[in-house]
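Shown next, in structure tokens, is the structure this report addresses.
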Amino acid sequence: MKKDLSLNDGTPTEGTTGSGTLGESLRSQGVSRRSFMKFCATTASMMALPPSMIPLIANALENAMRPSVIWLSFQECTGCTESLTRAHSPTVESLIFESISLDYHHTLQAASGEAAEAAREAAMEENFGNYLLVVDGSIPLDNPGYSTIAGISNLDMLTESAKGAAAIIAVGTCATYGGIPHANPNPTGAVSVKDIIKDKRIINVPGCPPIPVVITGVLAHYLTFGSIPELDHIGRPKAFYGQSIHDRCYRRPFYDKGQFAETFDDEGAKKGWCLFKLGCRGPTTYNACATTKWNNGTSFPIESGHPCLGCSEPDFWDGGGFYKALSMPTEDISKTAVYTVAGAAAAGAVIGALNRGKKSNSDKIHIKTTIDDLRK
Amino acid sequence: MSATLEKGINAFKRQIDSSVASFFSSCVHCGLCAEACLFYTETGDPKRTPINKTEPLRRIWKSEYTLFGRVGKMLGLTKKVDDKLLEEWQELVYDSCTLCGRCSMVCPVGNDIALMIRKTREGMAAAGQAPEGLIGATNRSVTIGSPMGVKWPALRAQIRHVEEDSGLKIPVDVEDVEYMLLLSSMEIMNFPEFIEAVAKIFDKAGVTWTISSEAFEATNSGIQIGVSDIAAELVQRIVDVADKLRVKTVISPECGHAYMAIRWDGPNLVGKPFNFKVRHILEVMDELRQQDRLKVATKESQKLTYHDPCQISRRGGVIDEPRRLIDMISDDFVEMPDGGKMNWCCGAGGGVSANERADEIRLKVFERKKAQLDEVKPDAIISACSNCRIHLEDGLEEYNMEIPLLSLTETIAEHLAED
Amino acid sequence: MTEIELLSWARGPGLQIATVIFVAGVVIRIFEIFMLGRKANLAEAKGGEMSGGLKTMITRTIPDRTTFKRSSVTIVSGYIFHIGLFIVCFLSAPHILFLKDIIGFGWPSLPTPVIDAFAVVTIIAMLATLVNRLTNKVMRYLTNFEDLLTWFITFLPLVTGYLAFHRIGMTAPTLLAVHILSVELLLIIFPFTKLMHAFTLFIARWYNGAISGYRGVAS
Amino acid sequence: MSERIVVDPITRIEGHLRVEAQMEGNQIVSAYSSGTMVRGIEVILKDRDPRDAWAFAQRICGVCTLVHGLASIRSVENALSYPVPKNADLIRNLMAGAQYIHDHVMHFYHLHALDWVDVVSALNADPKATSELAQSLSSYPKSSPGYFADMKKKLKGFVEAGQLGIFAKAYWGHPAYKLPPEANLMAVSHYLEALSWQRDVARLHTIFGGKNPHPNFVVGGVPCAIDLNSDSAINAKKLSQVQDIINQMKVFVEQVYVPDTLAIASFYKDWGSRGEGLGNFLTYGDFPSNGMDDPSGFMIPAGAILNRDLSTIHDVDMNAADEIQEYISHSWYDYKDGKDAGLHPYDGETDLNYTGPKPPYEHLDVEQSYSWMKSPRWKGHAMEVGPLARVLMLYANGHEQTKELVNMTLNTLDIPVEALFSTLGRTAARTLETKLFADAMQGWFDDLIVNVKAGDTRTFNEVLWEPSTWPKKAQGVGFMEAPRGGLAHWIVIEDKTIKNYQAVVPSTWNAGPRDSNGQPGAYEAALEDNHQLHDVNQPIEILRTIHSFDPCIACAVHLSDEDGEEIIKVKVR
């Protein structure tokens, strides 16, 4: 495998020899066997694998070249990248210095402009068929001018970059489902990666942003096993998106007991009662927030008193007001009902009058029945 | 103009009011009414389920008075009412229903099914689907003045007999009296003792009363066959006479549907409130009892039970009165199971007894009464409806039971205190 | 259409449509009934029409002794499923919130496991009513397509609600959407079927009680 | 020789930014800043529940991650005259303050540093000398020769492995890199330290807001309840975690960030005389001690400075129709009143109309529209916002600690006060205000503790929560000082839903294109100030000045319009 060693002017420098595999590279970077195994153990536990798998992971990692990763950002807010940097295990630095070769990433890479584009092109060429493509942000289809990088439309850059990708990871709700740009009325015609790329394996890692360790965990899975984890029906790894937040929520017993916070500062809010009434989307949201929690297990939205917004679900932006309980109508039904009653009362009066007319007509045309009328 | 389907359908349309509409809207086909109807319980034939008997009326309601039904009718989707249907239903509406109203008491959604069947008869009759027996009876009522063909001379003869037997004067066509007594042809022909009993009681109580030679017949075939026009005509005869004699109260005799006809349907049939009150003879006696004007000296020694005539108790509201009266003359009174407002019908009311075609079924369903009687095993049965009384006698005979039947009025009269 | 879109449709436009049909249908039906009118009773009263009517509206809830004996299966299964339906509909927290959003006030809910238990009992009772309907001679005779349709459409929200609560078979948003849609189906057919009895039975009972009460009989 | 050079993508920023520079020889004579991505969030916000708006607005940017949420919440509260409890203001200050510290440090090390620090040069560093250098600058414990030797080994291994990843194709070895290898090694080490440090301190947001990025807010207060006796609310344990984080922040800022800035700056003093740009500075004011309605209690005062004149601070009225206006003469938008109109945000419009070249393209037509950013102006002036504006405003207001810090910096670097108005000054100002905030955090935290001790645990005011309590029409502005500068959201509420929503964000002020009078925006003006490129193919000089603003472009182009009517019509809602 050819390596891109070009520094400032594309000429090779020293260091082209030796350390070919990841294991060698790790050791040459001063990573001890011990801390390497620790990383493998962490990876294993992240993916809920038995300890017996650790040597396998180690072996897989040790003998691998750091795979090339190209990270494209389209209509995004960089929250997903920020989230990536918050991952505590595996950390972003352990990933980019030890496990992957992050050859293109706007927010993190040193090179800009032409040099940046050259880095992307070089990585695509050298690792054709083998690189991992990560995408955050949606892609506008209404007009290519709605989002360009280096003068290239997002659509062109995605289709071009996807060609040689071994697999694609769509990170964040924008890349997986269109996200906020896709929200009603979708002013730019934004779509997700899977709306465009049909011939590649796509792992969806939704969330706004996804949980930091979920991003790195999915990458770690792919890197370790070279395969795509088991996905649910909308392409999400089951290991992280297999359970609803509600089912794993530590406040679930309060839901079952019927104890609810009615506002953000009442007794229930203080005692950690269920936030269903405040609009919590936990019951319809599949994500790992309630189990892995956020930012090194510090907390997660529900623990900090705010109902789940449902950000890992498609179209959660248009799923009705965030503070309307899931069972509530999203539109004003009482108004509709009142207008309908008024309208229907008028209609009912007309129909009722018709019936009445029919009935009084039957009285009118009735001819007194006499005894002679009883036989046919 | 003779009866036609068109006329019948028009009659159905006339009968549907808000109550009927609410009833049909509410039916959930739970079938509970079947278990309340002796025509079902004793035959086990589900088509005799009370609500099913209203099918022709329901179809008209649906297709004429509901939005969905109207649309369905336009599209030709609703079930039609035709001669075939009515013919098929005749047996259910007339032969298999005594309008006893027990179903109306159990319907969980509150449907007054008896009322609905009564209304169904209006359409049936107008469409020429009334049974021959009832037509005959009605014909006699209108033309002769009594369903059994009893005319004034016959009654006059009976009155004479009573006067002779009792030594009491039976007032006829007296004006400005308190009470005017009506009689059923059944009483005139089969139970003249009733006239004598009333005469005795009134004599002791010292009330003024009379019988009219022009309008003495209490029964009303128009009600039973379901022709309001005829029923109104029959009621009007009584109203005219009562007004002419300026009586204060008209007394309905021991006859269930007669009481219904004059007391509850009467004013509505003629379209205006009466100038006089209408009371059942039991009510009158109970009133006298309250006023201490009705006293008995002796009591019955046998075990008595009371058969509530449907139209008097459940449908008429005279439930406690007979029990208070029986209390005067008996220390050994026993209620039949379901006695009172939930009592089972004898099986012959509502024109069934006038409908020869129904003879077989009416005796069949008597098994229900038999079961009730088997449970209490009375020495004698008291009732207050001569129609019930005749049918009970028929039934007891059919099932080889020997229990005497007493009229409450007559029994009271027997035990009257001699001052 | 994605799951959340389906759910949003069910909670939004779907519910609007169902509400309009339901409300309009019920109002029109009520107008149809009352505007037919009823003649005043000219006979001298022996009891109260109003008091009799009101009384029967309540007392008719209790079956007569003999009737109960004769039709205990129908009555017991009917009772359980009506009570269960009531509890599941009106005492479960999500449903109370739904109603609160519409009518502006709510009331305390029952614990979820209790609701869940009632749902199971209600489902069983409804199955029993179906079996009864198909085996009981009278009911089988009376049963028409509408009876089966309304049974099914009433049964659906129960089952979909149960599945949604336990997340069986599909994802939660889909299950919830299906549950809401099944309720909307119920709302839509409600005014045009015997389901109307939920409202009209009070009218019917009032008339029944009024007719009897006027004659001095407590019906 | 006249050449147009293009830098696209500008990396190590948030969002999609393109710069085109017109060269004369190696001198930039005119520069054009273009935001190349648009999403239309302002359009998306229309007709929604104002209480939901924060979540949408927050997604304008995931780097500033909470500022738009907060600005949005404040706009609704301002429109409804909705008072929030004292604790909520304190928690919001703590969260926003933490955002500054977190964001500025990350910007310095991960986004900006590589403009000044040559990673490859670090391979030549002597760990021992590096250790001596580090220890001469601060008492930060991780400064032993062994530590730096490890770092060097790690870096060496990485480079020798041959896969440079994010460091590939950069301008390593460019003569503009002036740090000695030891300084480079120290900076690279701190690059990694900062990565791990930021992960820890971001947890302050998680404690109060449940997650980071994009922590949660709520109109009327904060979502987290305080109850010392509950295991599911802000309790003593969580408060002590917050204290730990504040300590951690303080240590890193004082012992690493400030010394590093000064040390690196000392090698780049020439950058104290270029990259000034406009000389006009604007702040909205923020960090209330007495609620948002009392500007006298703001830690950062509001005001405008024109032409470097620190002696005159002009008042700023956020609601005045003729003060803050947005222009679209060179932006891909339409206004009903034509391309040259300026609209106050209450009347703002967001009507997308892309008229640029069809991608793929080489150059933009800078005579016409060339950016998805609008051009905001204050009373017609192009203004710079951000750390430099704030530090100048504090300095001009005689804020003691600021004066001390600024003077210390000028003395340490031995540069004149004019050097503040430069690329160097801008980067230094960011570091200095981080120190201010690190200190202020403790004050807010102490106030919070005092309040809770006194029994006041209120965090949410429910009185105006129900939309039924709202007036039929209301409008308001929610402003704040975001890390990158003054940020404000204007909201118009009608019938309980959003009628119009406009955000004018720091990067629109700084990165916006020319206005109808041809006045350049702050980036453009700064690049036109004394920039010579050593090598037009490696325009590192452009990156240095652009990065000194800490670009955040998704914010700036957020925003698409509502020319309202037409777009609204096709809405299905």
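Order of writing sets the chain letters: A, B, C and D. Residues in each chain are counted from 1.
In the analysis below, a contact is a pair of C-beta atoms (placed from the backbone, for glycine too) under 8 Å apart; a residue touches a chain by one contact, two chains touch by 3 or more.
Note that the structure is predicted; figures quoted are calculated from it, not measured.
Trainee: Specify the chain pair with the maximum number of C-beta contact pairs.
Mentor: A-D
Trainee: For chain A and chain D, let me know how many angstrom lie between their CA-based centres, rounded off.
Mentor: From the centre of chain A to the centre of chain D is 26 Å.
Trainee: Mind checking the centre-to-centre distance between chain A and chain B? Centres are C-alpha means, answer in whole Å.
Mentor: 78
Trainee: Using mean CA coordinates as chain centres, what's the gap between chain B and chain C in Å?
Mentor: That gives a centre separation of 37 Å.
Trainee: List the centre-to-centre spacing of chain C and chain D in whole Å, with centres computed as mean CA coordinates.
Mentor: Centre separation, chain C to chain D: 59 Å.
Trainee: Going by the touch rule set out above, which residues of chain C reach two or more other chains?
Mentor: Touching at least two other chains: 28-29, 32, 34-37.
Trainee: If a residue has to touch 2 or more other chains to count, which residues of chain B qualify?
Mentor: Within chain B, the residues that touch at least two other chains are 16-17, 65, 67.
Trainee: Residues of chain A that touch two or more other chains: which are they?
Mentor: Where chain A meets two or more other chains at a single residue, that happens at 351, 355, 359.
Trainee: Looking at the whole structure, which two-chain pairs count as touching?
Mentor: A-B, A-C, A-D, B-C
Trainee: With touch defined as at the start, can you tell me which chain D residues reach chain A in the complex?
Mentor: Chain D reaches chain A through residues 6-16, 18, 36-41, 43-44, 48-49, 51-52, 55-56, 59-63, 65, 85, 106, 110-111, 114, 119-120, 150, 153-174, 192, 195-196, 198-200, 202-203, 205-216, 218, 220-227, 230-233, 241, 332, 352, 354, 356-362, 457-462, 465, 537-539, 543, 554, 560, 567-568, 570-573.
Trainee: Quick one: which bits of chain A touch chain C in the complex? Just the residue numbers, please.
Mentor: My answer: residues 177, 232-234, 244, 246-247, 255-258, 260, 276-277, 283-286, 310, 313-316, 318-320, 324-331, 333-334, 336-337, 340-341, 343-345, 347-349, 351-353, 355-356, 359.
Trainee: Quick one: which bits of chain A touch chain B in the complex? Just the residue numbers, please.
Mentor: 351, 355, 358-359, 362-363, 365-376
Trainee: Could you please specify the touching residues of chain C with respect to chain B in the complex?
Mentor: 28-29, 32-39, 41-44, 46-47, 56-57, 60-61, 63-64, 66-67, 70-71, 74-75, 78, 136-144, 147, 192, 194, 196-197, 200-201, 203-209, 211-212, 215-219
Trainee: Can you list the chain B residues touching chain C in their complex?
Mentor: Those in contact with chain C are residues 16-23, 25-32, 34-36, 40-41, 44, 46-47, 49, 51-52, 65-68, 104-112, 115, 263-268, 271-274, 277-278, 313-317, 319, 337-338, 341-342.
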